[in-house]
Structures are given as C-alpha cells and as structure tokens.
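Look at the two complexes coming up: chain A is in both, with chain B in one and chain C in the other.
Take a look at the complex of A and B:
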C-alpha cells in the first residue's frame, strides 16, 4: 500500500517536471515566407509556380501527415498557429524548450541551388521573426541549401549566430552520403558556430536526391518508412568512414526520426568490420561505436516498441541512451509520440537524461527555470 | 621453461617466418630486423592458423587517402578475418587484450659463423 503511494507520488512528480522536445514542426507556409524572397524569385513564382518536388508516397493522418486534431481553431495548417501550439503541446506537456524543425524541406531537393538558398534564408528569417521572437521556449533550426555546401556555410554564418538558432538541419534524402568531403564546408561552419548538424528523415528519393533505398524505389508509404533507417545508416557510416569526426572532433550530428534501436546491431556490425578492415581506412582511428557515442545523438520518435521490457532495457543500454537519446514528439505529425506514453517507465536518472539533460547539453540550453517538483 | 630447437638462424631470412612444432604446439617464428619473435600459431578470435596470414606493416593515416607504413614486418594479419596482431607481443592491434601467446626466442652462438647460429623458442 505504502509502496503504491510512493510510486504514484513519483509519477505525479515526474509529470510536473518540464521536458525538452527536440522535434516540433512549425509550419512555414510558402505564402508566408514569400515576402522574404528576393523580387526575382517572387516574380518567377507568380509566373511559373514554386517548382518544388512533392512526395511520391502517401502519408499518415490528415492534410499530408498531420494529427487530425491539430488543426488550429482558425482553420490554419497544423503547426502554424503559435497560440494553439502552446495550448496543445507546450503547456500541457510542460515543455521547457522545444526545437522547431519546420516543414518546407522540399527546396533541398531542387536542382536550383541558388533558389534553394533563397528559400532557406526566407524560412530562417520567417522563423526568427514569427516564432523565435514570440516564444522564448522555442528554438530554431537553420535550413540550408545542402546542394551547395558553400552557400550552406554562408547561410550558417549569416543566421547561425542568432541566439535562438540551435542547430543546422537537412533532410535525409541526399545526393551523396553526408560524410562525403563534398559537404565538409558545412561542418566547418557548424563547428565555427557551435551548431549540431541534424539529419531529419524526409525527401529520400525525391527531386535530385538518390533513390530512397539502395534496391531502388519502394512502392508504398509504410514500406518507405521501414526503409528510412537504411538511408540514415548510410549517412552514419559515411560520417565515420570519411573521417569526419577526426577532421571535426567537436562536430555533433543528430539522427532524427529514423528510429533508435536499429542502431544497436548496426554499431556492432561496424565495430566488427572495423577490426577486420581497419587498415583499409586507417584514418578511422577508433571503433565506429566510439565515434557514435562521442559525436552522434539520436532523437527518439518514432520509438520502436519492443516485445518486452527486458529487450527494451538491453537496447537502451546498447545505444547508450543515457548519453545519446533525446526525447521528441514530432508534433503535430500523425505519428506523434506523447511525452507521457511513448516510453515505458524509465528509471529516474535515465528519464532525466532522455527528457532533458541530453538535449540541454547538446543545444546549450539552460537548466529548468523553476524546479516544479514538490 | 623448456627450450626447443627451431633451426639455424640462416633458415629464416630477415622479413620471413617459419612455422615450427614445439611440444605439440604450432608456433610462428618471425625474423624482424635483427631480432626473432615467436607467437602461437592460433588466432584467439576463431582459431585460424594465425601465422599463415600475411606478414606486413602497420598502416596509419593522418587523413583520408593517406596511408603511412610503419613497423614493417611486425604485423601479421590473420588469414580468416584479417585481424592484425603484433608479432612482437602477440597482441591484437586495436584491442591488445585480445592476444595470442608469445614466446621468448634466443639465438645461441655455437660457431663464429653467423649462419650456424641456432634458434630456440622457450615454452
């Protein structure tokens, strides 16, 4: 009886403790960012439209991927109304800080790098003006035209020093795996501005990007989702084998939304192969998993449910979750992970790492303003 | 400790090796520089005959595309999974705890002619 009461009290306390959510999609409507574009692009859009690739697959939820109850009362697109986001997400889930990850990634699949650069700048300025300026809990992600690493670095240097910009973000769909030396000017700028580089699943197989699997294009959306770890795995291996973390030892990379637990056997495999083939890539000086643990973080949603708690604990340990995993909800997307329900019960210390400290350390976010525990 | 006759030093030219039997154990004797080293001919990983693998150098690097060779002749790569071992110590390069046994080798001079020096491993 006594034990049950303690348990319940612990649960209440936990719900009162604030969290950091590292993946919140605020809508940056194309029409809203259009005023931020140079005249030439506004004129082109008026004459010929936005010329951006769209998805080839279905999505979940409503309005292409949104929770059916996330449309604000004013009828605007889910994630576009700050007041409603406060009511539906930030307040009830006691979010101390949230990292905005936007919506308009499609420019990153355009063959026109200058146009993509203009769109990214417009998205970033819109986010600063309409979101970061109005809600101190929210932090921003720098969109970059990853087709052109020099233009990307320029944008990181232009806006990355904004005090509320906390990371650089790209979609997982790419022309080359992200560790490739082609991209290194981006990481030079990230390190200089002290911003993590986040790879968010999206745009695999779209526009100029490579097909969404090594076996070619898949047919259906659930199949597309199932194959996302394949693309993310290629990026992770690329960072390690191209020696990026030797060249940029302080660079942090975040793997977002491709899942978490597939990483465990993937790291084991890389470590085993490194033992055998070390001398082919001698610039990889440490076990691949060591680079992962020191330089890579992974956000939680959509967390793969395990058949039982024993497997859950083992996999959490295998990916060193107390240092590497950061909670995120993916609000307002249809596969939202509830801060209260997505994870099974975690030991207190681990909960604190996953729901606050890992993100606070990565993004340089302060401790909680008020300690709301009893 | 018992000593086992390997052969004449001149039978193992510098940079080469000889696999011998000593007290029922297969042992690889390596001639590196002016020294001889002996390690057990069994890989601690999956039991391959380690000393039948390539004898080579340690390859290091300062950046992608750069390969630097050092410790020439001191590395044996297991024939099966190419794990690298230091013939001087029997230790795996990337994980020294993973090791095969190493043995002391002595050269005993019975004649003034260096070709006639006898090699012994000590088990």
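Take a look at the complex of A and C:
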C-alpha cells in the first residue's frame, strides 16, 4: 500500500458514494469452530489433528500473506476481528455491503467428504452467529464440501435460505472442471436457493485436487499465481461446453481473484472454435461469449495492469465490464486493492456499475441508504 | 477454407514476396519408420503393437482432423506426400522455407523412455532421408524422448548438427512444466547445437502427462482447445521463474499453436507480481516480459480474432510482434491458416518481420533468393 493511501485511510477519507466489496476474507480459527462439530469429529481431531492439506505455495491462510497493518490490536489473525474490520475497511471506504469469502477452504481438498461437510457446516454456522448477526453490512458465502455434490446440495439447502447468505463458494482447485456433470446437483440447489456459485482462486494442486497446471506442478509462488487464471479458464470453458447454462439458465457463476483481461482473447478464440466445432456439443446453442455475458460475473482484484488507457478501455469493453465486473478489495490479503486505486479513472456510469450496481443486482442487495457527501 | 481462397490457390496465385512457414505437419506412417528401429523393438511391436496413447479428443494424428482437400491423389495421409505438399502449399504460397513439425508426437507420452528414444531417432532419420534430402526448402525438427532428458540430449547431439535440422520439438503435454530443472540437460544440448526449443500444443492429458488443465480433465474437443493456451502459459511461467534464461541466456523457446494475444495480460500480470514477489526467486533478475521479448518466439496460428483493428494493433504491440511473432500455416490441419488471410492487413515492415525475418533470424535461414514479382 502506498504511503499516501495509508494517510488517506488514517484520515478516514470517506468515498463520496458507498460501494459494494465482493471479496472480504474474514478468518475463523479452527479452534473456534470446533464446538460446532459433531462429537465424533472433535474426538478425531483430538487424536489425529485437523487432517487438512498444507500450503505448498503461499496463500490466504498464512499470516505473512496479509496486509502489513491488518493484524488487529488484540494480536488475532488478520480478518478475524469484526470491530477492527469496521475501522480499517468498512467505515473508511464507505462500504455499504461487503461479501465475506472466508479463509477456511482447505477442507474442500480433503479426501474425507463427510468430514469436509461437517467442517463446512461448522464454518457456515460460525459465520452466521459471529459475523452476519453482528454487522448488517456484511453478507455471507456458503462453504460446501465440493468433493461430494450431494452433500454440498444438502448444505446449500440447509443454510442457503439464511437471509444474509448471498452465494455458494468453492476454491478453484478441483478434481474435475466445475462444469462436469458430477457437480450438477450443486447447481440445482444454487438455482433453487437463488444463490450464485462463486469460484475463488485457492487450493490449486493441493490435497485431492488435480496438479495446478495442465503440465503438472509449478515450483514457486509467483509462478503459481501466474497460473491461476488458467485454472479459472478451464472452469469457464467447462461450464459452457458441458451445457450448464442451458440446463440451469438462471445460474450465475462468479470468477473471483483470477484477473479480468485474460477473458478477452479467451472468449474471442472460444467463439471462433465454437463456430467450427459445435457439432460435437449441440447442446451449446449460443456463442460461448453470450453465456459469459449473461451468466458469469468477475471480481476485479487483481486486475491486470494495462500499459495505456486506450487498451484498458478496449479490454473493459471486450469483457463488457459494465455488466460483468464487480469491484473487490481482497481484504486483508497482502495484495489488497484499495477502491481508490483499483482502477484507472472510470467514466461515471461505468464506475457506478463496477462499484455498486453489478454486485447489487447479482446478490439482490438494496440500493444505497444514502449518498454521503463530505 | 473459403471458396475464394480455394480458387486463388488453384490459380497458383503467387504471393509477391516469399515467406517462411514455421509449422508444416508432415506425416510419417509408423510402418515406414519400422525399418529404422532396432530389432528388439520391431519384435515387440509385432507381438504387442505400437503401445502409444490414443487421442482422447481430436488431434493432428486423425485423418478427419485435416483440411478437406489435403489428401494426396494416391490416397495417403495428408502431409505424407512431398510432391503433393509442393503443389498444394510450397509453390502456390511462395514458401521460401518451411519448417516441418511432424505428427508423431505420441511416443513422447509413453512410459517407456527407451522405446520413445528409439522411435524419435527413427522419426528423425526418416525425416532426413525422405524429406530434407529431397526438398531444400524444407527444414526439420528434432523429436526427443522428453520423458528422459539425458536421452533427449543424446538425440539432440546425434542428429542436431544435421545442416537442415533447425529446432528441437516437444508436445506441450508434460509431466512437469518445461522450466523445471529435470529438463535442463535438454537445454544444455540445445544451446550447444544452437537449436531453438519448440513447444507445440499436443498430448495434453495423454499417456503419462498431467491432466490437461489445473482442474483435471475436460470432456470435449472445443473445450480441450480452449485450454491449450493455458498449458503453454504454465510452461512460459516455468521457464521464467525457474531461471532457465539466466542459466541458458542464448536459449530460444518457441510457443507453437497456442495463440498469441493471451500473452499480453499474462505478461502484464507476471511483471506486476515479479515486482512484489521476486525475493522468492532472486535468480529471476529481469521482468518476466523482458525474458519473453529476448528469448521467446510465438507462431501465429491460431491467432485470436480481435473485434477491431485498434485492439489488434494494441495487442500486436503489447507482445512486440515485430520481434516475436512468426507466421505459420499449420498445414494440413483442418484449421490451416492461409498466409493471405491469417492476419488483418499489416504495415509493410511488420508484415516482413512476421512473414520472413523473425523466422529467418531465429532459425539462421538465408535471405530470399529473389523477390518475385508477378
């Protein structure tokens, strides 16, 4: 974070208009969710530990991967203290609504699906009790044991109707691309509960998931980051070519933290190939880009930095950003995007779509309570 | 292929200036290379067959994946008849030099590295004897058993000094990303023989290679195609972050048939992350894009179709096309790019770089013999 930015934040400079931040990582300590687990798992944990895959590269579960100043005064893990989150993020940046995306994805890469299901339920209940009940600006994401789509659907039906749960969330690391029919019971439940299905980069190559690239495992963290958009691209191609959006036309999918502009050449090429090859997948009735524009949304952080404004505008246009892109900060991770600096200057209409309306429409969030002026 | 284009080709309309085509798939029937194999393998083949992985999706080894009119008059496989290749490709398109890239990659995904090495030697010898010896416009690619980098280096040293062998070639499907230290003996031999290392899309997810995406296997051919650039992206990130271009500063790497414009946002983001994270890989001394510009070349087919000329120019500029992009046709595959239609209109200087000079410099090919005027 730039020095000027820290200064601005300390002054609590209000943004003129409130915004929606669709990716805020609150942190739940495993010990805190233990009381929410069935006795059998508490006993297993006492005997064998938590049995979760470790970080091979850096990720959000590691304290040093957080913003330098995001540790709360009580010394707890960044993102774990609601009062401090209010002071550091919600108030100064004038966040009308923030979508909590958690940190406890690791259970989604466990080979033990029942255990993962118990952990997800505990995480979801803890989020409802300790976050959503205490701060009306915050909305929640339903963690699911995606190893077992039927258990996932059960969890979506159990907690998804909670009025402050606004989406279902999974890590992008997976055994199969998410369009695969294996996962369709999840989408049936998402549509039934009217919840978007959000894929957040994480867990690629960990636990039971496939190696993190189509050429096997990478060695280093920056290399791992460079390969994250490609995993998301695989999921997107899969949703389209498996016909998920024909089977579930109202399903919305959110691609989170994988960048934005890679989508432009990816969609151009998919559209061209679809023209030549659609006889193999006749259930894919529209151009791939049409499904993207109607059914997929993308969060902004980390936006690829463009070399000039002309290509920035061209690429924003190519991905139809005024309908598809939603601002997010990724608080409190080290590569946090301040809403003051996340984008080059946007036209007012586009700013309004990206910083509020696209998220409000997707998540069914109300209009602003007031437009605050300094 | 458009009707007008076929007509133009039938008329043998000469292009004004000759060109270099860096990706021409000649085809060698396995039965034809059998005499080049050691007796032990001929016996095994008689007993057990060829033991090569089959196509899970479509690819260049399947006859229906070829241009509709590319079957030679003798009924042989497209790309297997030199005389017909002259008539259909080399003469009408005024190809000064063409780089043969073969079709027999499948041995590179066999678990039996010695057998793969024997097959590669046989393929290379057959190419020298039946193609390079008979047509001075054609240049060859050294197939290597990349499962075993030491055997690969041996093959590069055995045949790489042949005056018409201009590069080493592998399929993009791999057990590990190609920057990994496991492969470095290959690059030592490439540098010693002054041969570029070319990665051609193919074999992703087949045989012993990793699943074809970072989220496992896809189901369909268009989906598989959509995911090919991502495998190439993983290899490129790997070359850069494993420090290959610091260890082998004269090594040139060619990315073939994975598109071009995805590179722009990929490089922008890698550069940004490098600034923040290079402490983990201090041997990566320059921005990732600098290594790309100095050590990597890209062939053109299949170029992502851009929605307008302004973004086309911006993206050509972003990848520094005047130094990095080389035209190729991918003859005789179904998605063949005619040099008359492969690009929107290029400025003359840029045309000259893309259609001749970049390839001539990379492969050490002479200047044009003559500039033919109609």
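What we mean here is this: the second predicted complex is superposed on the first by the 352 of 374 C-alpha atoms of A that agree within 3 Å, B and C clash if a C-alpha of one lies under 4 Å from a C-alpha of the other, contacts with A are read in each partner's own complex, and residues count from 1 in each chain.
Keep in mind that, in the parts below, a residue touches a chain if its C-beta (ideal position, glycine included) is under 8 Å from a C-beta of that chain, and two chains touch if they have at least 3 such contacts.
What you see is a predicted model; the values in this text were computed from it and never measured.
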> With the two structures laid over each other on chain A, which partner does A:304 touch: chain B (first), chain C (second), both, or neither?
Replying inline: second
> A:242 contacts which: chain B (first), chain C (second), both, neither?
Replying inline: both
>> Comparing chain B against chain C, which has contacts with more of the residues in chain A?
In response: C
> Should A:143 be classified as contacting the first partner (chain B), the second (chain C), both, or neither?
Replying inline: neither
> In the superposed arrangement, does A:36 touch chain B (first), chain C (second), both or neither?
Replying inline: neither
> Touch check for A:126: first (chain B), second (chain C), both, or neither?
Replying inline: neither
>> By the touch definition at the top of the document, which applies to A:274: first (chain B), second (chain C), both, or neither?
In response: both
> Does chain B (first) or chain C (second) touch A:318, or do both, or does neither?
Replying inline: second
> Just chain B (first), just chain C (second), both, or neither: which does A:175 touch?
Replying inline: second
>> Once chain A of both complexes is superposed, is A:223 in touch with chain B (first), chain C (second), both, or neither?
In response: second
> Can you pull the chain A residues that chain B and chain C both touch?
Replying inline: 242, 274, 276-278, 281
>> Can you tell me which positions in chain A touch chain B when the two form their complex?
In response: 181, 242-243, 246-247, 274-279, 281-283, 287
> What residues on chain B touch chain A, complex-wise?
Replying inline: 58-64, 66-68, 77, 81-84, 92-95
> Which part of chain C faces chain A closely enough to touch in the complex?
Replying inline: 172-178, 180, 204-205, 209-223, 225-227, 229-231, 233-235, 237-238, 240-242, 259, 261-262, 264-266, 268-274, 276-278, 280-281, 288, 302, 304-308, 310-311, 314-315, 318, 334-335
